[in-house]
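Structures follow.
The same subunit A turns up in both complexes below, where it pairs with subunit B and then with subunit C.
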Partner chain A sequence: MNDTTRTAPTSRRDFLRLAGATTGSPALLAGLNRTAAAQGGEPVIIGCPAPLTGIVAADGIEFRRGLEMAVEEINGMGGILGRPVEAVFVDTESKGDDAVIQAAQRLIDRDGASALITGYNLETGTALHDVAADAGIIAMHANTVVVHDELVKSDPDRFWGTFQYDPPETFYGVGLLDFVKGLEERGEFTRPNNKLAIVTGPGVYSINIANALNEKAAEYGFEVSLFETVNVPISEWGPTLAKLRADPPALIAVTHFYAQDQAQFMNQFMNEPTNSLVYMQYGASLAAFREIAGQNSEGVLYATVIGALQDEIGKAFAEAYKARFGENASPNGGGQTYMAMHAYAVAAALAGGPGAPYEEDQNRLVADRLRHLIYRGPVGTMRIVPETQSAYCYPSQTKDPSLGMPHIFSQIQDAAADGVLVAPPPYNVESFRLPSWMQG
Partner chain B sequence: MLAGELNKHLAIALVIAVGFAAVPLFVGERYLLGEVIVFFIWAMVAMNWNLLMGHAGVFSLAQLLFFACGAYGVAMGTQLAGLSIWLAIPLAAFAAMVLALLIGLACLRLTGAYVALLTFAIAEMVRILIVTDTHCFALIQNNCQQLFGGSTGFSRFSDFGFRPILRGDWIVGHYYVVWAVFVLSLVALVVIIHGRLGLAFRAIRDNVGYASSRGIDRQRYQLIAFASSALLTGLAGAVYAGHFRFAGPSLFEFSTLMFVLAMVIVGGLGSTWGPLVGAGVMMIVVEFAKELGDARSIVLGLSIVLFVVFLPKGIAGGVGGLRAIISRPAGQNRSTTATDTHQ
Partner chain C sequence: MDIVIQIVVTGTTLGAMYALAAVGLSLIFGTLGMFNMAHGLFMTIGAYAAYAAAGQLGLPLVAAVVAAMAAGAAMGVATHLAMVRFMLRSKAFETNVIVATAGLAILLQDFVLKLFGGYPYPQPVRVEGVVRLFDVAVARQSLVIVAVALVLIGAVAWLLLKTRFGMAIRATAINREAAQLMGVRTNSVYLQVMALAGALAGVAGVMISSLSTLSPSMGGDPLLKAFVICVVAGLGNAWGAGVAAFALGLLEAAIQYYVGVRFGFPVMLLLVIAILIWRPQGLFGTEKVVRL
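Now for the complex of A and B:
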């Protein structure tokens, strides 16, 4: 981008800077592209450091697909103020902060990424922050960790450009207990006893959710009968299941989130099921879970704070996504980067165009637009909490479903189809069904 | 003879050191400087592993554990104990050496493949103990932090402190810190390999019975090799942690072990400079193989297999052999050419 092309939309940029929150949609981007002075054909590079191989590659591949689909759509609408968008991917190999930092730096310095957009990586949740801050660019991730919030709050002037476009994991623990309480109040579920079994993996995300459940269980009348940590990846669940069968709980919460491990749990659990609700964190939302577990997946509950909704927008996205990538593709994963890419494009267009790496002033304008944007995508509404630069959570942080990313609960009722959304309203499309293993 | 070899290799080390010292004068790109920093670190690990495996004949698979020990030492020293990173770095390297001595005392009663099995088992046991720990030792920024960092490890502890001083050029500061440790490591390795210690190591490696009969205590010298190699490897791990502000179990998982092992084998086991060249070659191979996804592991495995079969002494051995062929007088019997493996 040269100086001449950057000066053209100055007056509109000044106007929008003073405007308040903006509701974003693809139509808004198309409108902006029509009215804007074209900025030339230099492509806008979006870097995506994602786990394309390794233990969470199933998610990483969906992140790539979602981003690719969004880029195609944006380019179909004229790009960002006339500039085509190009996505570049670097594999982080499902490794830690060091791999993510190297991948991000490569995308900035080698590929000239104006922004980094990804889903999650198996890092501590803070790997992108310094890289983005040092290069003066935007980074958008869905690591779903509270440590992001704390870091941004600790130095907002340095971490102005890093956004977590979903809520942190802290809402999961209480959210699950509230969900079960709601089922009981509506008479859809009666707990056979007050026992709660928590099975967690070793990751901070899983542990924070497990600890939150552990801490709040008593307030909801539960007694934690088992708190088990498993080494991952895990395919042999025998020892854990033996403990569950020896002292059957009313609710089993598996907060370890790898889809393939959860599927193996269900395959082995169904050999001799206990009279327990089974809740699985996130992984069960992926097609890979149903593929591996087959019929054994039916009845499983899962939740996510960033999953494809089953309303008009979500369904249209899921259909287009599956038509593009095949029936086994998972809109829950792809929807994340898809929405983030669209939101970034709108914010960048509103700010007068994206800045190149190290063009901090222009990228700060884009960040400012993102901070004030309300973007409705297939996974819900992204509205950013200004202090933490994470998305608001509905219903935990806002009671207005149009102003927060919904913490959705789904149940797999047919192994051949995606799980159906059973809570919260107004996004629920089906009622909860007592799993087959609890009916007899 | 010994002093001549030592001086020759010290001169090579000096040329390498000066050459790399000049790199930031010509390269400003943060990614590229970052890659050279990573090269320094992996080269240190590979060269120290080569000292232990190639020169002292100890087939240890715990080298990455010592590397991780250095990194964890810095992370825990700065984040949990509040130490300055400049104090944490030598302490972490020292901790790696102590750990190596303990492991060495247990393992060096065995020989050959049994040492490999036991050292691998110990490293894997430590890794599993770390990743399965879920007990919150401290709450850092509202986040559960296990004593050894759990499966995600430690992050955001103190780095070398150049950001406020050098601002956008902070990586140049990191570069010269790691370069200094790299040069220190090179000099120390050259002095060990081409000094009396190196001779003793190779005597044990080549014929333990003969070496013992000449008064060289196998266990004692192999323990010295274990400890000195771990000290320098721990130092590499410490500066790795200082550069990335990260220490986690991925530092000593199996794929990382294979990556560094490939550097040693491709470069030339038992040589002086081979693992340094191997580190560079493997980093370039991996850079180009980034687009290959899972096939990247096949490229790594294949390069090990090809080198073991066709060039068992690695690049260093190949170059040595080529030099011998070139300098051989015409008509000289092929069998009389000897390749010095520690070139």
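Now for the complex of A and C:
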């Protein structure tokens, strides 16, 4: 299978035509490029092991697009200290650790990647760590798993170079309960009963979120009436829906996150909806969800700890992204690798340039800059917790929105458009609307 | 009562999807003694052909289903002409053909990927709306899937049991040399069976993707379930595969409701183990005497 693709460096003129206003950092990088002595013409290789095919390809394709767009912009500003950036992609086929490790190793050994930058892969969340540590390079991922934090804390001297540029999944559970509490306090939602149904997938990410919800539910006055683990992929939701219809809860939380499976849930749920709020973990943020569920997607709530904001920076990014990749492209997915690539470029420039594989001393300098960088991109602020090398979460870890990546809640109010951000302030742009199926 | 109806509806829909996938697979095994690892990709190609016909060319739904059948049949014919016929008389045919068709599946999946990309799309060939069965809302598409499965299984059974073509297939399946001596053109039979199984796979792909999503890897899960069903029914027994598919679909739905969704497939696998211990030839298979 020929699963490796490359992006060609673009010109400064192309950059100026395509982008510019998407983040404040391009100016910083451009300034560094102007003041520093150019390092020569050897391209900086960025390796991206991403799920470009398979069950989560909808995300993987956006990861590739986001990285491509960032590379174009960076090259438009003169690269990193004069060196053009080249992205190389290897398809991990939505497979597990073995596929991700092989892809990462190939990117280092064959392509000479100075850094690995990706979104998430369907791995345990620790596949990149040893590969990056052995090669002495930077790895940036958005696997959104607490196991990353634990591994980095267990041996910080070995895993100095691996960063999770978003917060771990454990913030989702309490974040959802706080969000619902906020709706109730503002009188926007009155729960018909105290029941909470949790539907999760078999992956660690989904289960950790479900467990966090399960553990905290009682503190918020909820009783967990259903805790269901489904096999994936799943297209026939009949038995789960029968249980929900037999004992309708006030809130249904689907933490299994595949966009197409969630869409089929909504298609079948809407045949006979219950009087319940429906929350879907992450997958509903992708255009594929709305495309498959159509009108049935309207009213669904979703959350992500790393999603495109709808403020000045986020909107400018979304417009440029859609202009570049089409109306159905999802800035939520692409914004992740886009921001990570830009943050890496700034950190590498500040450190005096990227190191090649096995040039550990230079790459440690880049890692040090990343660890202390406060970077504002279209998905919010990336500020790294030094002990875990994950991003701070706003509002769960910091009350200052300028110092943490926001855990955003959105609602699909029009199937033809991206969901609108309904929490937290100051990023919310619309009010929550009671879904049509709950209005009698 | 509503719960029972819901389980029956879910189980029947699951069973119909499994049956559509399993019947073609079983037909090929019964005739050629070949486990076609590319059968899942035949389904995928059929599903994408319907998507292209209805979604991109704007053809009516029936024409899109015909396009899926034609694409599946073409894949079956091409596979036979370009690969299988050269291997039929090899010593370890049954093993070799598994490896060869697995390779073909990888190649075809890459082909679909290059042509349509990895992005998941909704299948436009579907019937919208719900009907009420007692007090339960049932998607019209579920009823369509069940109806299509029953019609196709019935048609295959009629073809095998009531026509000269079916007799030739059965004769070839029982003893190829004897069938040849009786004047059956076995090479033509193989080709026709591959075309028929491919056409069935094409329809199966459309029906399965109407309830799941189009993606290049969509055939993998149905192929696995179809294989399990063929083993339970007895490899090569096409109508038995249809019956087993509905029975297992209903069992899976009941287990998913009463025990837990995640236990549905593992229980199916446990059942396969039990059946293979009790009846190694499967529920509807017949014992074979092999002289050493």
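Definition applied: the second predicted complex is superposed on the first by the 416 of 440 C-alpha atoms of A that agree within 3 Å, B and C clash if a C-alpha of one lies under 4 Å from a C-alpha of the other, contacts with A are read in each partner's own complex, and residues count from 1 in each chain.
Everything below uses one rule, namely that contacts are C-beta pairs under 8 Å (C-beta built on N, C-alpha and C of every residue); 3 or more make two chains touch, one makes a residue touch a chain.
A quick note: this is a predicted structure, and the numbers were derived from the prediction, not measured.
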Subunit A as common anchor, with subunit B and subunit C clashing or fitting: clash
First (subunit B), second (subunit C), both or neither touched by A:150: first
Contacts of A:177 with subunit B and subunit C, given as first, second, both or neither: neither
Touching partner for A:268 - first (subunit B), second (subunit C), both, neither: second
First (subunit B), second (subunit C), both or neither touched by A:292: second
Partner chain(s) touched by A:53 [first = subunit B, second = subunit C, both, neither]: both
Which superposed partner A:231 touches (first subunit B, second subunit C, both, neither): both
Subunit B versus subunit C as contact partner of A:202, first or second or both or neither: both
Partner chain(s) touched by A:110 [first = subunit B, second = subunit C, both, neither]: first
Touching partner for A:95 - first (subunit B), second (subunit C), both, neither: first
Subunit B region in steric overlap with subunit C, selected from 202-210, 274-282 or 328-336: 202-210
Footprint overlap on subunit A, comparing subunit B with subunit C: 52-53, 202, 229-231
Residues of subunit A that touch subunit C when the two form their complex: 1-2, 52-55, 57-58, 60-61, 94, 202, 228-231, 233-236, 238-243, 245-246, 259-260, 263-264, 267-268, 271-272, 288, 291-292, 294
Contact set on subunit B toward subunit A in their complex: 29-32, 34-35, 38, 128, 131-134, 136, 141-144, 150-156, 168, 170, 240, 244-246, 248-251, 255, 290, 293-294, 296
Touching residues on subunit A, where the partner in the complex is subunit B: 52-53, 90-91, 93, 95-99, 101-102, 105-106, 108-110, 122-127, 130, 134-135, 145-147, 149-151, 154, 200-204, 207-208, 210-211, 229-232, 358
Residues of subunit C that touch subunit A when the two form their complex: 2-3, 6-7, 9-10, 13-14, 17, 106, 110, 113, 117-122, 130, 136-139, 208, 211-213, 215-217, 221, 253, 256-257, 260-262, 264-265
